[in-house]
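Letters A, B and C mark the chains in the order given here, with residues in each chain numbered from 1 onward.
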Amino acid sequence: MPTASSPPEPRRRLGEHGLAWAFLLPSVVVFALFILYPLGRTFYLSAHANDLFGAPSRYVGMKHYTDLLSSADFRHTLVTTALFVLFTVVPGVLGALLLVLLMESRIRGVRLLRSAFALPFAFSVASASVVFSVFYNPASGVLNGLLSNLGLGPVGWLTDSKWALLSVAVSTIWMNLGYNVLVLSAGIGSIPGEITEAARLDGASGLRLARSITVPMLGPSLFFLVVISTVNALQSFGQIHILTRGGPDGSTRTLVYSVYEKAFAYGSSDFGTASAQAVVLMVVVLACTAVQFGVLERKVHYA
Amino acid sequence: MTTLTKAPEVAEPARAARRPLQLRARLGRAGVYAVLAVAVLTVAFPVYYVFAGAFMRPDEIASYPPAMVPHSVTGQNFSGAVHAIPLVRQYGNSVLVAGLITLAQLFTSVLAAYAFVFLPMRGRAVVFGLFLATLMVPWEAIIIPNYLTLSGWGLGNTYFGLVLPFLASGFGTFLLRQSFRQFPGELRDAARIDGAGHWRFLWRILVPLNKPALAALAIYVFLSSWNQYFWPLIITRTAEMQTLQIGLSSLRDSEMADPGLILAGVVLSLLPTLALVLFGQRFIVRGLTAGAVR
Amino acid sequence: MKRSSRALAALLVSGLALTACSSTGSGGSSDDSGAPAASALDQASGVTTIEFWHSMTGKNAEALTALVNQFNTAHQGKIEVKPLFQGTYDDLIAKYKASVQQKATPAVVQVYDIGSRFMVDSKQIVPAQAFADKDGYSLEDLQANIRNYYSFGGKLQSMPFNSSMPLLYLNEDAFKEAGLDPAKPPTTLAELGDMAKKLTKKDADGKTVRYGFGAAIYGWFVEQLLAENGALYCDSDNGRSGKAGKAAFDSAKGAEIVQWWADLVKGGYAANTGRQTTDAQAAFKAGTVAMHLESTGVLRGYTEAAKFTVGTAAFPKTAADDQGGPIIGGASLWISGPGHSDAQKRASWEFEKFLSAPEQQAAWHTGTGYFPVNTKALDLPADKEWVAKYPQFQTAISQLKATKPTTATAGCALGVMPQARKGVETAIEQTIAGTKSAQQALSDAAKELQPAIESYNSSVG
């Protein structure tokens, strides 16, 4: 604590203890009701079968979990989730890094460029997805229109199970690009000017400068982006709900979407199975974050 | 923390001869411009098309291959979108909901952060650890019980249902705690000598002096609430209670929607966030990268 | 915020009302599943208020509100119906399930066709037949096939309200251009396939500018085609003679239908616009698809939006010797028993009788495009005028008249019908993608559905 203060008298300290709890109370109540209780309740629901109306009816132990493990559908969901993370995180972070590095090579109009690359940030997941649904439209979409000018296509961007996940990933990469560029630009901006100047004076430029100075110095920002992008990808919902509803043939049904489908779609109210999947989701998110902190963080330079 | 270990490597003198390097640099520069130009066109095209398409006539936008530039500017898509769904009302809902969440989170986070920094507390580390732990729970994983709780209270399809779960934030507390800790001890002591109690010190001195951190948090919270999709999708049922984001999605699914109408809806929804991106980038970066500062 | 506090207040009040009800209602109320006599309403003092949940939006909601207002005016001081929109059919079912748990069901609720089995199993309702029997009220005017759909064990469970059926839609201009006669539309899948080939048009570069056929990947169409053939979709006579325990759509006929569809897409004669019905509709309206499967409900929208002459034909049969017909779709109105007073039940029944009467059904039909559930409605001048304006609708009328009510055309009553439909849609997608044969895809879908059926049946007990 940077603040130095004289030791107050005991009575006042007692009052201050009370005040501290009073100040924490609003947050604690919200967390207890909407995070802690639901957390426990999710585990509880996942161990119970539902009656006709979705209420937990009888204890079934680990049955929902063992059912999931033996379900080919659910394994497919896990694979789809992993692929979606891969398809969005890797190109999303590398693409943004490339753009930011190119903008660093002392060219004109950097500010304008930066603003242009930041534009997608203005789009919410819903607006971006709705726009891409117009683009991807098999019959009237602008994408197939452009392809047909080149004598190609038409491609069933969202209706062909070979393409759908990639198409959803592309819309996600585009949507997140603005944010990624903003974060990395800020990261570059915080690299002390003397370091890059010194390197430049020594004749380092272009790739060498990027490889030996900029990228290592961007470590914390890159690390942050990878963690955030992974967690975001694991929790992606809106784009899948708007673009494909998990189809065709389950090819875009990720873990979160599967939770939604079991719990809320088609009037199904299968809260037991959905809760078991939600627990799996939680474990996956926590495991990914932990692994990234364990593996990646050690390689990151903090200036 | 870790020192920069690779610095000496950079200090090596460039081995390549001077002249070819310049040529290579010039070629390289052209390449850089080319790559950036392609990238800008790719990234900005969707944005351009949203605006172009929003002003196209239905037959123009449905033509195959599609038109790229509107031949005659029409506003009919906008009136169509506003008629297809209660867009204005949904706009208001989004502003209200995101605004309420932002104000509430600022308030609860300021109080909690103050308690952590300036008030004595037994087990402070444990409690703060619990606050941080709330950040580790993915919202999607606990959405089912929350939905059941709030609909059980009869708050489905209400503003309460939309905002209640988001009135406090471990992230906001964390962020403000970082900021409050930087507060100079002398200033605080001076305030106490002047007879300022905790409440007055907090609102009269601390909060005004931490405006940048509060603004960053406010922008972050507002944007994430504004962009919410999963929760408003399941907790609302009627078009009148839905937020703009859900409205856009239902506009796409509605039977009278053609691409122009959808894009017009998107244009309307973009106005506030686009203004923020174009004119308030600095604040956004501060707010959004706050988590990166460790 | 005002709205929410009102909701809270309403919640408190209804909670109080509920406890009041249960303390007084336990002795006096008649058997929950039986219908009270008309006297229950006559003896009730003051206004009997009933809550009515529905899923109608846009034009349909306007037409419904007009009917409700008409009813309320006619029963001023006696009955008041409070219509409450509850989102999509799926949303409404979810909300309804919650209301059962909270013991606060609405008096009347509109539920989609495939939710019928669930409603019967919920044991929350008073069958329409019980009221009709008590009153000696004739249900003969209700269209026989529609009545058939909502009857279980020979008894009408709910009052049909908004009904629709599938049609084959034609782009008549495309027919003429291809040298085909729109007055001789295809009647079987084989014919439809042949014509689709003739109607498919490519430009100089070999790009397809018009597909012969195109429909949303919507399981409903497969259900319809199986019914046209007279085949069952699930066991126990489509769940009509008892609780269905197994899906039957994975038959050779089912595979033939799915294969036919996939072949057309793979051959380049059918557009695949995915599951989204609005995308398939857009393709037909834009003229990029010449033949198209859709419900009667979209007819008016098509004739107004399309720049070509829209024709209709009977929904195709799978083969020339098919003996079945289409299944009715849409939704019906259910009356709640437990937790509602006899006066409320009677008031609900009055409301349902009103909505299904000829004049109201004519107004409903002409205002929305739904098929009138009351055969007498079609004889009214207002209705005749409408059919004259949209002569394509005549196809639907004749099609239904020609259909004999059987267990096949009654449609499958499966508690997990929405999931079954989704499974069939996945099977179509898999067959189109070529990852599985039609037979394999359907068998897998049936296999995957089995646990859901069993868990549903066990939770009904």
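The rule we apply is simple: a contact is a pair of C-beta atoms (placed from the backbone, for glycine too) under 8 Å apart; a residue touches a chain by one contact, two chains touch by 3 or more.
On a predicted model such as this, the values are computed, not experimentally measured, just so you know.
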Those chains which touch chain C and also touch chain B: A
A-C against A-B, pair bridged by the larger set of C-beta contacts: A-B
Centre distance in Å when chain A and chain C are each reduced to the mean of their C-alpha atoms: 39
Whole-Å separation of chain centres (CA-atom averages), chain A against chain B: 13
Sites on chain A at which at least two other chains make contact: 137, 139-140, 148, 264
Touching two or more other chains - residue numbers and ranges from chain C: 98, 282, 286, 288
Chain B residues counted as touching two or more neighbouring chains: 62, 64, 252
Residues of chain C that touch chain B when the two form their complex: 1, 3-4, 7-8, 10-11, 57, 85-87, 91, 95, 98, 102, 209, 276, 278, 281-282, 286, 288, 298, 301
Residues of chain A touching chain C in the complex: 49-55, 57, 67, 73, 137-140, 148, 151, 154, 156, 158-162, 244-245, 247-250, 264-269
Chain B-touching residues of chain A, taken from the complex the two chains share: 1-5, 13, 16-17, 19-21, 23-24, 26-27, 29-31, 33-35, 37-39, 41-42, 45, 98-99, 102-103, 105, 107, 113-127, 129-135, 137, 139-142, 145-146, 148-149, 174, 177-179, 182-183, 185-187, 195, 198-199, 202-206, 208, 212-213, 216-217, 220-221, 224, 228, 231, 234-235, 237-238, 241-242, 256, 259-260, 263-264, 271, 274-275, 278-279, 281-282, 285-286, 289, 300-303
Contact set on chain B toward chain A in their complex: 1-2, 4-7, 9-14, 25, 28-29, 32-33, 35-36, 39-40, 43-44, 46-47, 49-50, 53, 61-62, 64-66, 107-109, 111-112, 114-115, 117-122, 127, 130-131, 134, 136-149, 164-165, 167-170, 173, 181-185, 188-189, 192, 198, 226-227, 229-230, 233-234, 244-246, 248-249, 251-252, 259, 262-263, 265-266, 269-270, 273-274, 276-278, 281, 284-285, 288-289, 291-292, 294
In the complex, chain B residues that touch chain C: 62, 64, 151-156, 158-161, 236-239, 252-258
